[in-house]
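There's a structure below that I have some questions on.
Chain lettering (A, B, C, D, E, F, G and H) follows the sequence in which the chains are written, and residue indices restart at 1 in each chain.
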Amino acid sequence: MSARPWDVYLSGEIHTDWRDRIAKGIADAELPVTLTGPVLDHAASDDCGVDILGPEEKKYWKDRKGAGINAIRTRTLIEEADVVVVRFGPKYRQWNAAFDAGFAAAMGTPLVTLHDEDLDHALKEVDAAAAATAREPEQVVRILEYVMGGSA
Amino acid sequence: MSARPWDVYLSGEIHTDWRDRIAKGIADAELPVTLTGPVLDHAASDDCGVDILGPEEKKYWKDRKGAGINAIRTRTLIEEADVVVVRFGPKYRQWNAAFDAGFAAAMGTPLVTLHDEDLDHALKEVDAAAAATAREPEQVVRILEYVMGGSA
Amino acid sequence: MSARPWDVYLSGEIHTDWRDRIAKGIADAELPVTLTGPVLDHAASDDCGVDILGPEEKKYWKDRKGAGINAIRTRTLIEEADVVVVRFGPKYRQWNAAFDAGFAAAMGTPLVTLHDEDLDHALKEVDAAAAATAREPEQVVRILEYVMGGSA
Amino acid sequence: MSARPWDVYLSGEIHTDWRDRIAKGIADAELPVTLTGPVLDHAASDDCGVDILGPEEKKYWKDRKGAGINAIRTRTLIEEADVVVVRFGPKYRQWNAAFDAGFAAAMGTPLVTLHDEDLDHALKEVDAAAAATAREPEQVVRILEYVMGGSA
Amino acid sequence: MSARPWDVYLSGEIHTDWRDRIAKGIADAELPVTLTGPVLDHAASDDCGVDILGPEEKKYWKDRKGAGINAIRTRTLIEEADVVVVRFGPKYRQWNAAFDAGFAAAMGTPLVTLHDEDLDHALKEVDAAAAATAREPEQVVRILEYVMGGSA
Amino acid sequence: MSARPWDVYLSGEIHTDWRDRIAKGIADAELPVTLTGPVLDHAASDDCGVDILGPEEKKYWKDRKGAGINAIRTRTLIEEADVVVVRFGPKYRQWNAAFDAGFAAAMGTPLVTLHDEDLDHALKEVDAAAAATAREPEQVVRILEYVMGGSA
Amino acid sequence: MSARPWDVYLSGEIHTDWRDRIAKGIADAELPVTLTGPVLDHAASDDCGVDILGPEEKKYWKDRKGAGINAIRTRTLIEEADVVVVRFGPKYRQWNAAFDAGFAAAMGTPLVTLHDEDLDHALKEVDAAAAATAREPEQVVRILEYVMGGSA
Amino acid sequence: MSARPWDVYLSGEIHTDWRDRIAKGIADAELPVTLTGPVLDHAASDDCGVDILGPEEKKYWKDRKGAGINAIRTRTLIEEADVVVVRFGPKYRQWNAAFDAGFAAAMGTPLVTLHDEDLDHALKEVDAAAAATAREPEQVVRILEYVMGGSA
């Protein structure tokens, strides 16, 4: 009744293997899910603007050029996602992840947050906009398996 | 001229065989309809939140966790449905069915209600927002057959 | 900083004094709130269709006529409300209240539910879409006082 | 030609006097601006959920209750703002500020970011969605003065 | 509780006094209603294009010029109306009235149709999109009085 | 560069062979167009409501029932059409055709009208909302051929 | 019946007195129109970015900074305008005027173009999206007078 | 992870080979991109209105007829594009290109501008709405390659 494929956008932390664990869980469960997300090659993501469009002396404009190009990808994929999963980790400030969460919330796209308990208070506004808060990537897989099929 | 497949979301009562009767009618008529709906395994639906995300002492939060996850499925499928059929039965208060009807109405998605005559007065606001009120599941099938093909 | 007036739509149960208690609380707190809602004169609400547009033999069409007219009011006021409060009581099935909640949720209008704890399980989908679940009308007033001004 | 009043929402950091400096600048320039924003009383903002709706043992649900109520205010005011100004400071992770920025961006509301240069790289996605990045609150006032009137 | 003013757009037939009767009823009932509608001076409406923008040899372009200008008025006023009333009379084909009804329906604006019973079959699609079908202008006034105030 | 298939909704007059002529032209030109439209079996279209959902004594409600079911088809197909073609003929008042034109215009869907010159004045508002006014079905085919491919 | 005030945005050419002539005509006719538009002080408009936010070595970024700030004003005012008037003159390429026209067209805001006949061919796409093409500012005033009041 | 096909609309200048260079680059990189755009046969584009719908004496109406038909194509393809690339060249005023850019910006579709540096100042409003400004067609290809795949 629900062989419908789902598009799931994975936003946020790029320093741990949470994306791989979700991908593995989806493969193991044989779910018809297309995972999308930002470009994960950190250097490419930082440098794409000046690499493609030419150098900048000021870092601010280097960043602006790169972020503009990255936004073509991220906005397009977030807008067509059925679910947006946003991972917050212990390091860095990850404002782009929270920005993506706000963007998804404004569009009415279901949001799943993924983070440890010690970040709960700092993330309370984001979690309040989420359909679920998971602690482990495998829980995200189980949520997808459930909503796509029906057995928890 | 209309081999176009239709997505039909079936919301509401889970204690009678109305979904099966609609599915059978669609199969018999060989209509290219994809039926969708909420998770019908009552226990799974109630427990998915705590099963996947961990236990809660308070029943309110157990319910909230489960309802959050179920909403990922129901909102996504209702938003992409061509028609939403909402069944009201004699038992229970079925507020989620009426909630789905309101949600579909706000999005401009055609709504078909399915209920006995003795519920007419209680459902008058919902029926007024509906394209049709059917009494039997087979009438829903005939409506789909007609709108998809042209012969009543 | 927030003398902005708020429009608050009160939907649902019409057999207890919850609307009066909210109105009194707002008056006592001198909040710049405009309370709106459906026509509360039960007979007028049921009969407006046939009273204005002429009699019907079938009750279904009498109801349809009345519900159509009532919807002119309710949709218009719900669409412009800043907050929709939906009250569920122990009696009747109050499907129109849940319908209004679904309508508000689809439009992204903040929703506050108001009901006793024994209805929690039956209302879990509606509550999951709500910004808050209150037990007493005075809590609704305190929520409004807080969001409009800043002191809880 | 532009005596039109503007609504400006101030989101983010609550530990420095940037809001006061913007308010003072607006008063000095006699601009017809209504400043709005979240509840700034930190304790009230954290506790409003349990204060109004009753205590919770788990901090996660205490936060959820409070964040739900705060969202009634913040979403409503952000949605009607003409401009959203988001301030990021050196301390804390301020995910709610970035969430607000994403929400405003998705709605097409003009965004002004306000932060020091050392945060530029971490905020590059947010800045790329902004109409302007200011370093000092007084620059925000000058931007408003300019767009509302015409003389820089 | 409902001193809120309502904007009501009156579309359709221009050869009988139905607009006057609605205006009189509203004045008598002292309802805070602003009535809007197309330009009623038939010659001015037909000729505004060529009068203002210069003559045309072909009637088609004369009509196009006039209709373009009239649309500035009608679209703007229909878009901000709370209720659109569309009157169909026995003469002429009044396609612009049905066009306005379709426009209002697509925008989710409540629609009231006003016509005699002998036009019911020809207008069945339009009536099915309407909240109510009235036979006399005074019924429209009573509907407004009811939805604005609460007494039928 | 444009093998993209197009959905074209054909609304209006059902007494001449204009739909067949468009279908033939599309077949001859081998255009990847899916033609959709209302149910063309006049009796089925009139009776579908009472045939499926049970008889009505009053013709008004018979019509309402049928029109509600037909609207499930027409709204769904109009909403997904790339182009809406509306044909007005010399007989009948064809208010549903003008209603469809208004609905399409409000949704921003390109509209092509098809009618003889003697109807120009009566249709001036509808034509002013149209991308083109054709006189013959074959012109509609040529428009589609041009916009889909590039050679007039 | 139409004392409603209108917001009219004037976009485009800044080297002739067309804005003054429209303003004078509106004053003479005592129309309740609020005229809005971009900042007309050319130097201020070019320099606002670097004046407020600090200098740039590259002209591209100087322009970007200024255009970002100007867009806060222009988007906000265009979005709330009832009518957008766009003037094209014989000199300069005035891409921002055509950009504003496209923006208004996408939002469904009525558009009036104002230009000489020798620009007709170059502006044919823009004119086709417009409700009217005027040659003289006084014609714009007459259009407003007509749509706001009823006498051409 | 991103084998998703992208629709890219190419708007603007028709006198140089920039479209061919983008098409070649996409073919060389084997990107799953569908390129769309306006009809490029200049004479056909100018004459399609009168060729299909009959001659006009006034050039203004000849242009209007053609532009109406062309808009069926351009609006439909721009609305479904993932990215809109707009090229401005040294000759002609290319108002339709800027119009398309404004239309895309209003819809939130990512925009890439393509032009030489000497046009920067004249295009500053358009560039400020763009995700990126490229100088060479090959840079557009690299942007697409990057956002679709991840390696710059």
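Rule of thumb we're sticking to: a contact is a pair of C-beta atoms (placed from the backbone, for glycine too) under 8 Å apart; a residue touches a chain by one contact, two chains touch by 3 or more.
All of these numbers come straight from a predicted model, not from anything done at the bench.
S.K.: With chain centres set to the mean of the C-alpha atoms, which chain is at the far end from subunit A?
M.R.: E
S.K.: Using only the C-alpha atoms, find the rotation that maps subunit A onto subunit H and quote its angle between 0 and 180 degrees, to the nearest 5.
M.R.: Angle of the fitting rotation, subunit A to subunit H: 90 degrees.
S.K.: Any idea how many Å lie between the Cα centroids of subunit C and subunit H?
M.R.: Comparing mean C-alpha positions, subunit H is 49 Å from subunit C.
S.K.: Go ahead and note the Å separation of the Cα centroids belonging to subunit F and subunit G.
M.R.: Computed from C-alpha means, the inter-chain centre distance equals 37 Å.
S.K.: Take the average of all CA coordinates in subunit C, do the same for subunit E, and state the distance between these two points in whole angstrom.
M.R.: Distance between chain centres: 30 Å.
S.K.: Hunt down the residues of subunit E that sit against at least two other chains at once, touch-wise.
M.R.: 68, 70-71, 108, 133
S.K.: Would you mind writing out the residues of subunit G in touch with subunit H in their complex?
M.R.: 59-60, 63-64, 66-68, 70-71, 74, 88, 92-107, 117, 120-129, 133
S.K.: Inside the complex, what are the residues of subunit H that reach subunit F?
M.R.: It comes out as residues 34-37, 39-41, 44, 47-49, 51-54, 65, 68-73, 75-77.
S.K.: Using the touch rule from the top, collect the residues of subunit B that touch subunit F in their complex.
M.R.: 1-2, 4, 6, 82-83, 108, 110, 112, 130-135, 139, 142-143, 146-148, 150-152
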